[in-house]
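Have a look at this one before I ask anything.
Note that the chains take the letters A, B and C in the order they are written out, and that residue 1 is the start of every chain.
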């Protein structure tokens, strides 16, 4: 493949480097790498460290899928995308899966022709203000200057919210979270609005986090999920059930520490057995190894472990599980059965 | 005689006086300052204002600049070290400077981009400093374009050799056909032959030979791992290198007598020069895949290189057109008088002179393109500016701002400033050539 | 006597297409045409096929659907229920605004710096060199981002104006507020205004403004007539009648009368709620972009100006000095007018560059045409092909207009040689 890329650079016609056919699974296997679209950098969700290794919650999904399909969590090419380029990159086949905190909406699913494979983070749009402003509700923000990241659904939600409540605002559009943070801290805007998770992550890195408050209003539903192209149901199934496997693993108490032990012999919980491939042939049904889920869980741990490691309460970002807890703990995570 | 003189005048100096030093007010530092800084009240005022401005800037910046935070590993640690004082947090540069220079290129392979850069300088030597390098080195300059992709991207050495073979094939076809038909036609056929070789045969032959004679094979590095300044330099050098031949063709086309060819070239050049580079990059990032055959898909960095090359070639065409226009008409007439046909005249008489005149323009086009590569951060590539954003998304460095930009700005300045100095040196050299 | 006979009429042979210079050029052009048409056909074919695969089609209908997003700086009426087309138009006006402001400032700074670089004052000349080299050798995108950061970090936020002992106060007799959200300056208001002129029912142009401009043009024309008459008198009699006071009166009086009639007064900004209200708000994004683009382009213009001045032969300066002109008058009356001819052609391309560079506005969130049509609209509608092509077309038209206008100006300024 390398050679043809090389040739592609030199000949105008450009030889096909990777063909985005219908069977994404075959492409990924032939390539030996999963191309995964991530943000250009969002604290806790995806960012490269000093060695160029990508880390974060979304990155964990990429690694799990790569491990499930290829057996190797490091066989991932991370493709940084912006709000503008992410959908084209996916549609054109440049990436195989896009876990880039993208909100699942009707028009993206139907009109842009993508398939959302599930939700890896239930989010909602919130507001953050400095405490010294003395604001306790978003409805008191008449005439405020609002920092807002462009290229997302937040823009439209914000416009709707202020129109419905019949108050005015001054939008300050901003490309990246880092710039928004700078403007907000300097007081160039009164309010910063983005997904609540982003607000918490941003607030955590402030010099004096206690001076800032997140307002109680959550003005939208933002189910963030990985997405794949329309029309390749097999690939969508693999991605969907890999995510489900991570969530189910947490539910059944399978962690990266005990997964090997649990997978070595059938346990007395048939659900775990089917998940880990010691019973039944779930993996073979979509053309993967029987131990696909074991590999996925070993890659970065189950959903709970990923959460704790990257954005959980013990990290600087310090997000509570909230809606993202298992249904047994009052959250929304509820996987269909592995059967 | 002398007596009468002595009577009429009271005193006559009879010996020459020793030459005296000029008054201290017009020599030395004082004199220099008086003539260069304080000649007239307006200049004195200007000097005073400028001095105040410079002092104000330095007094604000220097304490911030010299801050003992080199070893900090996170912004919080910087804040602890500084303990409330204002100061830079240089730890981020110490930790990330290699990443800013090389992006995600595997660290054990850093020697490859470094070697490429050194070889680039060696290859440019005989072109840029004609006086100091043996002309034989020009062969190396010709080989470098094939060597560079191999060193950076890795793979089998047969690949660049086979690509070079395409040029050799084209050349032989050209020479063979020259005996039968005229140069234009044979050039056309030669180009077709070479393209056929590249597209259909080279990959096959390479695979064949590489499996039989596995010579030096470097570990392949996908272009996605390119980043930081290495990405900027690679895009810049590739774009300028590829745009030179395209620019020559476009410039000749724009000066052509054939109205249709001229029209096409003018349209292309003016279109590219009329739109901002950022829109071309949008085309590269969101549209190029739509324009190419279904299923074709090569990565974003190559797409960007293609668009930047097109962009650069339009500007290059104008630079070379300027060079062509600067040649005295006599050169064209002399070439005609010698009975040279169009292609021979271009190759032997016009182009060597026109290109020589255009080198300063080419260098400044290069500086422009190199600076413009920062725009790729807007479409999500990890160039120095894009990397700065990514670094700030790391929890340890969230909130760092000026240090990264100062570092990036300084490196850009060093690159561009040395290039612009070179171009000024060249201008001076060319000027003396005419007198 | 033998007569020259025409050579026997050659019958047309295929080989003549290659060997005969009469036909060869046609052959080449037809090959080129076929090549280009094939290329275009190939691209179009690919596009159609790809769009089919994606289930999309080229459709500009989205332009008439409600945009749904807000734009902070709008020169015409706009709210989030207006169409994408109108949003694009708001963006276009913003692009033009910053381009015009930038070109004017860049020219002024560029000329001053270019002249100062040749100053006899060592320190000033060096400082200007440092300025020019710094700005020319660092990417403009960095300057834009830096300018924004400096404005945000160094200016006080509106909060600082609050309280009994505020940290910041309004400047210039409490009329102007410099904040890190922008600069608030007094705005002109008309208590007896004559309303707006509606253009195509789409947006309004203030009739007050038009009235003032018309009156100004009229009075300048009259003033010029008076000047001409004075010239004629001077030619005829050698004595120039004093006209400057009449001319000043002719220019100033009608406008003042008109302003009084319209009930002109200034609206001052005042801190209300979260922000300053009233007055004209020049946002930081505009100022940062304007500043960075002008300073960056000015560095290039300064070099052009310097080259233009150096291109004027020393004899001109000496001749002017021999006439007894002082050095600043030599510069203004003798050198600069001549240098202008050398300066204008590169100046045109600098103006074009500035306009094109204004597309980097998205880096600081200035909503120009790239930010609206090729930014948010593209994101919200997913119509990449249509928005990007339309955006390119708009930029192309702007560029062609600028270079067209400037070329006409250049033709008129050209030295008519004997």
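Just a few scattered comments:
By our rule, contacts are C-beta pairs under 8 Å (C-beta built on N, C-alpha and C of every residue); 3 or more make two chains touch, one makes a residue touch a chain.
Bear in mind the structure is a predicted one, so any value in this text is a computation, not a measurement.
Between A-C and A-B, more C-beta contact pairs are found at A-B. Distance between Cα centroids is largest for the pairing of chain B with A. Annotation: 28 Å between the Cα-based centres of chain B and chain C.
Inter-chain centre distance (chain A to chain C, centres taken as mean C-alpha positions): 42 Å.
Here the CA centre of chain A is 39 Å from the CA centre of chain B. Under the contact definition stated at the top, the residues of chain A that touch 2 or more other chains are 84, 88, 175, 182.
Looking at chain C, residues 149, 362-363, 378, 384 sit in touch with two or more other chains.
Residue positions of chain B touching 2 or more other chains: 282, 286, 289-290, 292, 378, 401. Taken in their complex, chain A has these residues touching chain C: 83-84, 87-88, 91, 107, 111-113, 130, 132-133, 141-145, 150-152, 155-156, 158-160, 163, 169-175, 179, 182-183, 186-190. Against chain C, in their complex, chain B makes its touches with residues 36-37, 39, 43, 46-47, 50-51, 53-54, 181-182, 184-185, 188, 257-261, 264, 270-271, 273-279, 282-283, 286-287, 289-294, 367, 371-372, 374-375, 377-378, 385, 401-402, 405, 408-409, 412-413, 415-417, 420. The touching residues of chain A, counted against chain B in their complex, run 2-11, 13-21, 39-44, 46-52, 77-82, 84-85, 88-89, 92-94, 175-178, 181-182, 185, 202, 204-207, 315-317. In the complex of the two chains, the chain C residues touching chain A come out as 54-55, 68-72, 80-81, 149, 152-153, 156-160, 180-181, 272-275, 277, 284-285, 362-363, 365, 367, 371, 375-376, 378-380, 382, 384. On the side of chain B, the complex with chain A involves touching residues 75, 79, 95-96, 99, 103-104, 107, 149, 153-156, 159, 163, 195, 198-199, 202-203, 206-207, 220, 222-225, 227, 238, 282, 285-286, 289-290, 292, 295-300, 302, 305, 378-382, 386, 389-395, 398-399, 401.
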